[in-house]
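Next, two complexes with chain A in common: one pairs it with chain B, the other with chain C.
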Partner chain A sequence: MSDLAQTLALLQFGDSFFPSGATSFSWGLETLRADGLVVRASDVEALIEGQIRHRWASFDRPALIASYRAAGDLDRIADVDREIDAATLAREARDGGRRIGSALLKVHAGMGTPGAADYRERVQRGDACGQMTAVHGLIGHATGLDETAVCALSAYGLAVGTIGAALRVGLLGHVEGQAILARMRAVVDEAVASPLPAVDACHAYTPMAEIAMMRHETGSGRMFAS
Partner chain B sequence: MNTVTDQSSATAVRPSTAARVGIGGPVGSGKTALLEQLIPRFAARGTNLAVITNDIATREDAERVRRSGLIAPERVLAVETGACPHSAIREDPTLNMESADALDRKFSGLELILIESGGDNLASSFSLDLVDYWLFVIDVAGGDDIPRKRGLGVLSCDLLVINKTDLAPYVRVDLPRMVREANEVRRGKSVLLTNCATGEGVDAIVETIAREVLFDR
Partner chain C sequence: MTGDRILPDDLDAVPRQVALAFRRDPSGRTYLLRQHAAYPFHVGRALYLPGDPGGFCTTYLQSCSGGIFQRDRLGIAVHAEAGAGVHVTTSASTVVHSMEDGDAAQSIVLDAGEDAVLEYLPDPQILFPRSRLANRLVIRAHPSATVVACDSFLPHDPAAAGEPFDWLRSDTRVEDESGALLAADRFAVTGADAMAARVGIHGAYRMQATLLVVHRRDPDAMLAVLRGVLPDGDTVYAGASLLPNGAGAWLRALSSDAVALRATLRDAWAAVRSATTGHAPGPRRK
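Up next is the complex of A and B:
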């Protein structure tokens, strides 16, 4: 795959115009805002940075890379998928990961991305969980992206999804959002360079966001699905 | 490179058999009230039915339909839209599509899924990957100038519904003129009038959907 082709693929899959259902999720932000724990742009930035450093780098990334390195072996991807699902404590995070993963599989199956339709069938039969991170690895390999590009897409999706939610609920302005997104490049760069845990040793520690997602299950305000 | 092929697989996008009908329109125009009038009528016809709602900030519409006693609660799903109601039915309808697929898998013989959009503006419209047919509901209390503003929803929907016709004299709306202008801007596409508070006019909507979408099955 040429550099240009990879850049074009990244632009397509990383664009919020690419349909994945991600717009519907705030990953705890809706509740944190309602509880007065995230009230300004700097809080949003700290939340995203914490998610990248203390969850994405040591939890999502190893699973993502394992799924990518499975190179289309759907049994191995399903194993990684189950690990992610079992290790995701908050129900809305688990269900949200499944819903976005399923949505991505449906879109990619429709586009003819190799492996997407087969894996979607497994998910629909209940033989795989369809977690977003496992699906990102599958799709990244199937579309010819390199490993770094797949990591960039995943981390960017986390950052831009949270900033988009923050923008819509009025926690920051559009320029502030872009400035935060730009500053997150260095954070993601460091995260990608950090030691890579094995999948069965992946770990995360983001209690505030997880508790917020648990509280969101019964919260009255529900613009978002998490 | 393993490329994404352009061989679009219709079966991958739409494996279902149930027809999907969207109901869009501005906040307060009567979309949920219309749903509540449609459900018993389709039930009376023996149509195997399910419903998806896209509430803006709560699950109120979904709960209202579930508690109505008109339909089994498990046949009503709520999809949150992240404060982007029109994205959820147009640019990124994937979660609505997944929910519709889930209903198809869960209820064998499902014939019709009604998908109610969150209240939006006149520029909202449905992705044709999501629905086979869609209604846009406006109401006389929103003003009789709505049709001639030529909003995307008013122009491009398959069936325009003008609701709350009974209120016309109280909000100084010239209803015949509103209907005439609606027919003019829609160039012959269907326009029907309802009062969803009483059910007046709703039979004609059911007949239209039955004829144009269900093919009277």
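Up next is the complex of A and C:
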């Protein structure tokens, strides 16, 4: 794939126009705001930075890279998928990861992306979990993206999804959101250079966000699915 | 970190200083069938406490060394055979001392047979400045067993010099009776990150506690029990959820108040005990 073709693919998959389903999730932000723990734009920025450094870098990234390196071997991808599902302890994070993974598989199956329809069948049969990170790796490889691009897309999705949720609950203005997104580039750059754990040693430490998602399960007046 | 792992490579070779096996006798009384305890541990005698279900056995695990020190490699195994009712706890918090060189690691294996109830509820680990500790907890449970396990930590800086612990790593696995993974909780945190007051990580809270209730018979009932005792208010920030693969339910809490955090764990355990055995536990001597 040429550099230009890869850039075009990234623009397409990273665009909010692409139906990834990720805009329904706030990943704890809605509850953190309701609980008075996130009150201003700088809190949103700190939250996203923490999620990238302490979850994405050591948990999502090893999963999507392992799935990418499985190079279309669906059995190996399903193993990564199961490991990640079992290690995602907050139910809304686990269910959210599955919902986004399934939505992506549906779109890519329809687009004819190699492996997407077969893997979607496994998920529908209950033979695979369909976690977002495992699906990102599968699709990234199948569409010819390189590993760095797959990481960029995944981290960008996390950042932009949280900023989108913050905009909708009135914590940020559009320009503030864009400024945060721009500053996250350096954070992601550092995160991809950090040590890469094995998938069965992937780890995360974001207890406050995790607790917020657990509290969200019983929260009232919810706009988001997490 | 050792390569791509969070636990030290030599943890598998750690000798077990403590190995306990509990059996239920024909009268329904659980007794200590086998007991191995080597330095630094002392295992207290089997206790049958008022308020416990008939035959339920409580044992205190004590450390003679005054805590965990650099290069310690500690191994503990507890096996509750079919039908046994077991409560293992410590007599006090565990101090994880400052380390000049190397790190410390602890490996705990809990194995619960058919219809067994195994509770492993140690007091918090107190992390001194420059301490480095890796914890591994493996829970193996029969589908009809109940295992309640907690871990909690708090940083302590006796000189108030703003010096945090170096790191804490934790690897918890819940497995079925064949060893297949049901749930995993892995984290690595530096003292600086735990004390950085960052939203989403610890916020303004300094201490963290986790309680797992492995109960495959009825995970939803356990979730309802945990939710029923979640504290409200600012002192403890807590949530409860369902474990993956129908393994049970769990609770995580942050606080800066050690007494309140301990009460949260105690209330959760007591509620689970009441729901699973019909008996609310009495107070424990510590």
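Quick notes
Basically, the second predicted complex is superposed on the first by the 226 of 226 C-alpha atoms of A that agree within 3 Å, B and C clash if a C-alpha of one lies under 4 Å from a C-alpha of the other, contacts with A are read in each partner's own complex, and residues count from 1 in each chain.
Note that in this section a contact is a pair of C-beta atoms (placed from the backbone, for glycine too) under 8 Å apart; a residue touches a chain by one contact, two chains touch by 3 or more.
As the structure is a computational prediction, the values presented were derived from the model and not from experiment.
When both complexes are overlaid on chain A, chain B and chain C end up sitting side by side without clashing. Of the two partner chains placed by superposition, only chain C is touched by A:46; chain B is not.
Judged by the touch definition given at the top, the superposed model places A:86 against chain C, while chain B stays out of reach. Touch criterion met: A:222 reaches chain B, while chain C stays clear of it. Once the two complexes are overlaid on the shared chain, A:34 sits clear of chain B and of chain C alike. Looking at the shared chain after the overlay, A:213 reaches chain C, while chain B stays out of its contact range.
Residue contacts after overlaying the shared chain place A:102 against chain B, while chain C stays out of touching range. Using the contact criterion defined above for the overlaid structures, shared-chain residue A:181 touches neither chain B nor chain C, since it reaches no partner. When the two structures are aligned on the shared chain, A:143 is found in touch with chain B, with no touch to chain C.
In the superposed three-chain arrangement, the CA centre of chain A forms the vertex of an angle with the CA centres of chain B and chain C, and that angle is 110 degrees when rounded to a multiple of 10. When the two complexes are laid on top of each other via chain A, the two nearest Cα atoms from chain B and chain C are 17 angstrom apart.
Every residue of chain B that touches chain A in the complex is listed here, in rising order: 1-9, 12-13, 55-59, 79-84, 87-88, 91-95, 97-98, 101, 105, 129.
Within the complex formed with chain B, the chain A residues making contact are 1, 5, 17, 19-26, 99, 102-104, 106-114, 116-117, 120, 124, 141-144, 164-165, 168-169, 220-225. Every residue of chain C that touches chain A in the complex is listed here, in rising order: 1, 4-7, 169, 171, 181-189, 193, 198-203, 205, 208, 227, 237-245, 250, 252-254. Within the complex, the chain A residues that touch chain C are 28, 32, 35, 37-38, 43, 46-47, 50-51, 54, 58, 82-83, 85-92, 94, 195-198, 201-215, 217-218.
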